[in-house]
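The following pair of complexes shares a single chain, chain A, combined with chain B in the former and chain C in the latter.
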Partner chain A sequence: MYDVGMTVFNGLAWAMATFLVAAGLTLIFGILHILNFAHGGFFMIGAYVSYTVMIALGGALPLWLYLIGAMVAGVVVGLLGWAVDMLVFRRLRDVDDAYSLIATYALLLLCGGVVQLIWGLNYLGVMPPPVLNSVIFLGDMFMPTYTIFIILCGVLVYVGLELFIAKSQTGRLIRVVAADPWMAQLLGLNVKRIYLFTVILSFALAGLAGGLLMPNQSLSPELGGIFLLQAFGVIILGGMGSIRGAFLAAIVLGLIESFGVYFFPQYPGIFFLLALAIILLIKPEGIMGREQTA
Partner chain B sequence: MIDYRARFRINLAIALCGLAVFAIVPFVANSGLVFLAGLVAINIVFGLCWNFLFSGAGLLSFGHAMFFAAGAYGMAVVSLRMPELPFFLGLAFGSACGALIAMIFGYIALRRASGVYFAVLTLAFSELIHIYITKTTFLGRNDGLVGIPRPTIDLGPWVLDLTSATSYYYFIIVAMTIAAFALWCFQNSPAGRLIQAIRQDPLRTAFLGAGIRGWQLTAFVVSGTIAAFCGAVMVPFTQIASPEIAVWTVSTQPILFTLLGGAGHFWGPAVGAILFGAIAYGTRAMQGLSDITVSVLLLTVVLLIPGGLLGLWQRRRRKAGGRQPGQAGDDARPGTAAGKVEARQ
Partner chain C sequence: MAYKMNRRGIVKGIAASTLAVPFINLRAATAQSGPIPIGVVTPLSGPVQLIGNFVRHGAEIGAAHVNDNGGINGRPIELVFRDSKANPNDASVAARELVGSGTNLQLGTISSAVALAMGPLLESEGGVVITTGAGTEKINHENYNPHVFRVGDSPVSRNAGLVRHIVESRPDLRKWGGIIPDHEYGRTTWKIFEATMRKAVPEMTGEEAEIAEPILVPYGSGDYRNYIAQAMRMDVQGIYTSVYGGDAVTLYQQAKPFGLFDKIDVLLDSANEFLVATAMGDQTPAHWSGFHWYYEANKGNPLSDDLYAKYVEATGDTYPMGWAAEAHAAVLAYAGAIEKAGSTETDDVIAGLKGLRFDSATGERHIRAEDNQAVKNAELAYIEPSSTAPAGFEVTDYVSLDGEKVVEPARPGQMLDTSNL
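Take a look at the complex of A and B:
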């Protein structure tokens, strides 16, 4: 019982951390149909920005300052997203899929280079705020408060995004553009502006995820790639562009990964990839089928 | 009609010129540069075989590191654990490892996936291989296999001593020239042209009676085998096979070479690989600068000059010197803006 509980808990932790990164990724794919390699890079920049904010404020911080640090990261990266849409994404509309994939890879490389230039190659890290640096015992299970906090954040972001897309005026417009950009344009919608808004939102989510997940990582310029692969798996399995699909896929893959590691502890990281490959073979369109952006 | 004999001669001449240029390097440069040139020569063929898959067969692979690593580790295992076997058997074994992996994963990935899905599936497979290597004691885990000897080859009357870095360098450039030209020959053989036809219009080619998936798999295996051969040739040169060559950023190297040099041309990746080597050498003092230079160049190429450097050069030449029928345009492939324009002419 203890083992099952802990394994599920670890799986959920993996799932929500990955979902935080994948949320913005799937949003951009749903609307712009660009698989954004650079997402991992901007996630990393978010982590570094929030690290800088926290160091500037003096290291071990109360919870609300840590949250503000993550917010700042979200805003900064969101602004970067504005620039990226203007300079790059806007020009990728008529380009072959393979080429736009490669263009976003170039952006990822750029992020890595800039991070090396500004923050250097050394591993950096800060402690989570004291409130989140303890452990809760539940029966004989021990659960780090930081992990619980990340799981909560993942659920909050998911619910927030779902509500935003389903209920708000802007969310509806986004769905319209995702369904048929040409018709939306004919109806007089400013499609370009909705694209821009989507990109900024997605990048801000990447930055926020970076800020939130930062205390758990040692920061290095390779950070971008690690989460990116997991997030790719999640959005592909979730059926590209579906937020609900990404959320479910994150949980499925997280549980498979943590149970796999429980039975074969010498191979961490391999089960999520295996599961991804096998599920895609059986059901290539992902678990949410053809549904887009819901 | 395309005069394939003339093209054969021209491309053989290009390959031999490349060989000659690389052969001069040890006379004019220090050992550090010779080492770099050897790696660039390997990267050229690595890029060429990736582009064969991309421009020739229309498959975007983000997992070529797994073939490269398979070849490297195959070679390393043979030369460390079975030193009595001849050197060429090691090369063959390494290449066979790559071919086997390409066959298995290619069969799975091509069954369902296409386009972006195919790219990400290859990425996932490649990461599987990477993790497998870092967790397997037989393959040295995170430390890799070190101290791989350079061979002496017994050719009956002669004995080729390749134990010094310079002599092995000459072996590399000869092997790479042969591999590159063999790839050119395959791409322009009837089979290679059929694969290109599939890339341009799968449906019509299927109507002509070609088995699409079988030929795509063939292209994948050929490309994987040559990538593995590159890895196998590299290992005795650097004398180490480390898990770093299986990381997914290695898979993106040939993509960079190809796009910088020009995907629409057979020798495009070669230009890109040389340029890339020069950038890495020029910016080696400043961490991060080489990534920034390469990425800005890559973005410029993708957004502004989709034909790459060779495409740019050809367009210039055509504007300046008028048309050269059967020469300039027929290498271009559709898919890029420049390729589309050229295909229409």
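Take a look at the complex of A and C:
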């Protein structure tokens, strides 16, 4: 029972950390149909910005200051999203997908270079705020509070995005543009502005994810690629562009990865890829298909 | 048969000659006079640039030392840098281009995959390389090639030294586990750790060591919690790990809240030197780490003191790591070999390197003629978190073990035999 509980707990931790990174990625794909390779790079910049805020404020911070640091990262990266939309994404809307891939990959390399120039090559790291740097025991199970916090953050971000897309006026407009941008323009909607808002929101989510996941993670210019493969796996399996799909896919893949490691420890790190391949063979359109875009 | 020369033919001939120039081996022209070029093929960009920078600084300081002391037979060393990106393809292109332009003597390899690719390449191209941190045991065993030398410690001397020191200082610890990266280097280091531990514990205590199955972890993961949970289930007193660089920092950070380091008596880290401690500061778990070169262990050695002072002066970084000393030693080894051979030709330098004894930042080293492996001291340091040290950690103990006692017997062309460690 202890082992099952710990395995589920660790699977959920993997799932929610990955979902936090994947949320912005799937949002931007759902609306702009751009597979943003640079997402990992902006996640990394968010982590570094948050690190800088934490160090500037003295290192071991109370929870509320840590959250402010993560939000600052979200705002900074959101503003970078605004610049990227103006300079890059607008030029990619009417060109072949291959150009988008090349352009966003170039942006990823640029992010690595910027990080190297500003923060250097050394590995950096900070621990979670003291209140999140403890363990809760449930019988024989030991659950780090920071991991519980990340699971809660993943759920909160998912619920917030679902409510925003489904209930808010802006969310409804985003869905309209995602479904048929041409018709939305004919109806008088400012599609360009909605695109811009979506990009800023997507980038802000990447920055926020970087800020939240930064403790318990080594910071280096390699960080941009570390969650990217997992996040792509999650949005592909979830159904490209579906937030709900990404959330469910993250849980499915997280649990498979976790139980895979538990039962077959001699083959670490392959269960996520194996599960992705098998599930896509059975259901190539992903868990939610395309009908749930954004 | 009469050949007719016309203008078009002459132009074609000139063009062909011009195109061929880069492929003509220029070594003959540079062999006997002027600066001696030494190629430094090391990662100058990409994920491993951090290590490549240590190599670059170490080589530069080594070359400056030789040049300040009159050069090699009056000729200065000139370093020629190329970016290997720690990738065998890029490294091969760079190495071939360097040999083609007259730079047959090279150093700077830190990746095992690159080191293994260099042997056949340089043998066919007529060059030689000294590795400066590549960890594979294969280069002086089954993949031995006379054109590849290692002036640093072999994985055996590093890991066997670590084990023997721990067994001697803590004979009460019999139950061991491991967390190792799931690739060739990780499995090699574990094989050495396990074999040495199974031999050393009974020798020391008369009792058998209990060693659990190692926990394999993937390379470049952002989440190690499942593996940490496995480690928490192990009934062990000590953990050995060869998880490396950023992966090690993430692993240690994530393991700390689980209480993994409170549960064990000793953490043995194969090779991170200060990589983990500089990232984690006062959150660093106390651990023994293997070092290529730890400057405090070599205080009083003029070469070490000079290397440390010049490195700090050049970078402002007060925690230089051992790759700098390996590159420094590689330059000094070339200097010694060229002086001994009286030539910079590849075959002469290979002959000069074989059996060479030379001074380095870790004291005297000698390169075994049989397998091109240097015998040098194995250095270990105990790093602990500190509330008073400015960096948040400090070295509270260190040892420098006699290389002759921890290096494996030379067996070029044959696989590592762990029974005689």
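Definition applied: the second predicted complex is superposed on the first by the 291 of 294 C-alpha atoms of A that agree within 3 Å, B and C clash if a C-alpha of one lies under 4 Å from a C-alpha of the other, contacts with A are read in each partner's own complex, and residues count from 1 in each chain.
Everything below uses one rule, namely that contacts are C-beta pairs under 8 Å (C-beta built on N, C-alpha and C of every residue); 3 or more make two chains touch, one makes a residue touch a chain.
Predicted model only: the values in this text are computed from it and were never measured.
Look at A:10: by the touch rule set out above, it reaches chain C but stays clear of chain B.
Look at A:145: by the touch rule set out above, it reaches chain C but stays clear of chain B. Shared-chain residue A:225: touches chain B and chain C both. When the two structures are aligned on the shared chain, A:121 is found in touch with chain B and with chain C.
With both structures placed on the common chain, the touch criterion links A:277 to chain B but leaves chain C unconnected.
In the superposed pair of complexes, A:262 makes contact with chain C only, with no contact to chain B.
In the superposition on chain A, contact of A:101 is made with chain B only, not with chain C.
The intersection of chain A residues touching chain B with those touching chain C, taken from the two complexes, comprises 116, 121, 221, 225, 266, 269. Only residues 54, 60, 108, 111-113, 115-117, 119-121, 123-125, 127-128, 131-132, 135, 248-249, 252, 255, 259, 286-292, 294-296, 298-299, 302-303, 306, 335-337 of chain B touch chain A when the two sit together in their complex.
If you check the complex, the residues on chain A that touch chain B are 35, 88, 91-92, 94-103, 105-110, 112-117, 120-121, 221, 225, 229, 232-233, 236, 240, 266-267, 269-270, 273-274, 276-277, 280-281, 284. Those residues of chain C whose C-beta lies close enough to touch chain A in the complex are 47, 49-50, 53, 182, 213, 215-223, 225-227, 229-230, 232-233, 245-250, 253-254, 256-259, 275-276, 278-280, 283.
On the chain A side of its complex with chain C, the touching residues are 3, 6-7, 10-11, 13-14, 17, 116, 121-125, 127-128, 133-135, 142, 144-147, 213, 215-223, 225-227, 230, 257-258, 261-262, 265-266, 268-269.
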